[in-house]
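For clarity, chains are labelled A, B and C in written order, and residue numbers in each chain start from 1.
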């Protein structure tokens, strides 16, 4: 049996590929508890990668979408509403399948764009890899949910604040930067925290749906399932991955709580919005 | 001596009588033609293993029920007691024999082959990206080699991956790949030499189910002895299929 | 299904499609939509019941009960639902069989877990070995239903607890000043009024519940996603209806089904909110009054 130190060295980065750990995953009767703990932890790298990048990119797009949805112009409002309806109205699981099947139809040799003198060939091989394709789906999904949250927050900005800004003669851009944007963020933050937590949880679906694993690189749940199937004992692998997710969730709540305090720093103590973990969105 | 024979015969009859009441549930994947697949006209399980299983149950005097189960959870569900046997094109390997017990094989050890799009270079076998179904002997073989393994949950996804260029080649049982290659009109070709893997296909049972395994073993042996197994193999796999002596 | 479908290889075009779309496996596919809707119809009230129990437990003044209630809610919220769906049916199945085993076969001496095999006495096996197919399918369905209800019950509990706390405190104080006990005040004042506050959260949870149903195939149920994958894959000449890879189209159909379900649910809840807010002193009620006059 291997020692825990040996397991750690050979498995902790295995989810990044064969070059980062032992080539063959431990099998059958050779699996020790340390093997399970470290390999599942290694899978968390993918979960954190997906959650962080999708959230950051989604945040930027969501603000634009929320403004578009609240706009008076139908040319902006209708597409935003349609986008938000499609990505909030369908399950993430099905979105993964659908986008994978669609991406797979892109020509393998690359997209050829004729530019007059030369032809630009855009490589498309990488689009169906999990690190790109799944990230894309998660980004689309979270931007729709976040846009809905920000839109609700925009509607909830107190009327008096906007009128006061107008009374002070603030220009459109100034009003947005100093009043609308910070207030929207402050009002949306508790719900947005829940969204971040659910995005984190949703990253476990990536390797369950259409995206295949290469060189057996997967996320925490992929390895948990591997161990549960190899050892025929789900009572060790699944609680381990559950515990890891509880820890990660607490970290996210802590981080977002710090930001919440900063957003509410100008308010008297009684009026500050406490960050309540009130999850409302699952995929 | 006569008494011993009579009592032995009586015991055998009683045992078979007791077995006749027993409902044996056999699980199959239903996605691996021609071994097992779901007939779209009837919605029922069909294929070589369905025909073989029905015949084995008849010979062993058992009532059999068929269950469809996805490949990844087929052994865990057997071990948990959801059904009693597996007939799903499962090769007999040492790793699996540690967990479940197998009857003697009813298909001789088969070749696995690489299949790729026409014009693919031979060196993809050692340095390319190869697809295989997860938890199969083929996936284990590729994982141990220098090529990059891409795993899919179902067998037809592995072939779709070759067609759309996700992977360079697929590595699977030759009998499974042949119909796809034949119908592709030259688009798909076999690469390199076929590689024999596994100890043949057998029926998987729980290690504690000794009596059931012996019953099925006896039935398989009788089918080998009177040539009916060979007839069934030729019917489903074609004339080139290796047969039992 | 039709008379001309006996030899599909002679058909082409729309005739072939007519036979293809009504083949036995496709009829199973359409039936699975019904199974999903049935699960939703049953999981919603079951989650509501579990959630109500969880909310009452969490608010209880009897601290072990409050601990159980809070523990249930927080454990489920911290863990991805996929893990519950993978874990709960196996665990529940073994728990039921072990319970029956200990009550029905007290003189069974052999170990239950023999190596890798899980063996209980024949009377304890659920469903019984000779049971017909429909019993097994129903049992699998019920396990899936319980797994769903457990997960969503925790979220419902959270929403209902928030709604109970949102009922204005003045109402409860008035009730107590009239001499009602805490239990009476709860039954007569809090319970009827909390639904206004609970409804947005509950409608949200219904949306989430509908979108969690694709995970049913993880629970061994042949649901929509299972059939879409199965039927969409390339089929060779061995099959009665050979075709190339059509998975994209099948997933498009599944996508549209869910969008339709969302749209219908959204309309239903909007109407319900309108009715519930009628005459109430909330922003919604105020908006209705302003719109009316």
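As a working rule, a residue touches a chain if its C-beta (ideal position, glycine included) is under 8 Å from a C-beta of that chain, and two chains touch if they have at least 3 such contacts.
Remember, predicted model here, so these are calculated numbers, not experimental data.
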Chain contact graph, described as a line, ring, star, complete graph or other shape: complete
Contact-richer chain pair (by C-beta pairs counted) among A-B and B-C: B-C
Whole-Å separation of chain centres (CA-atom averages), chain A against chain C: 24
Gap in Å, rounded to a whole number, between the CA centres of chain B and chain A: 40
Approximate Å spacing (C-alpha centroids) for the pair chain B, chain C: 35
Multi-partner residues of chain A (each touching 2 or more other chains): 105, 225, 228, 232
Residues of chain C touching at least two other chains: 90, 116, 229, 247
Shared-contact residues (touching 2 or more other chains) in chain B: 73, 79, 99, 157, 160
Interfacial residue positions of chain C with respect to chain A in the complex: 77-83, 86-87, 90-91, 116, 155, 158, 162, 201, 204-205, 207-208, 210-215, 218, 225, 228-229, 247-248, 251-252, 254-255, 258-259, 262-263
Residues of chain A touching chain C in the complex: 85-86, 88-95, 97-98, 101-102, 105, 201-202, 204-205, 208, 221, 224-225, 228, 232, 234-235, 238, 241-242, 245-246, 249-250, 277-283
For the chain B and chain A complex, residues of the former touching the latter: 72-73, 75-76, 79, 95, 98-99, 129, 131, 134-135, 143-144, 148-152, 157, 160-161, 164-166
Complex interface listing, chain A residues touching chain B: 23-25, 27-29, 104-105, 108, 125, 128, 212-216, 225, 228-229, 232
Touching residues (chain side chain B, partner chain C) in the complex: 22-23, 31, 33-34, 37-44, 65, 68-70, 73, 77, 79-81, 99-100, 154, 156-157, 159-160, 163, 179-180, 183, 206-208
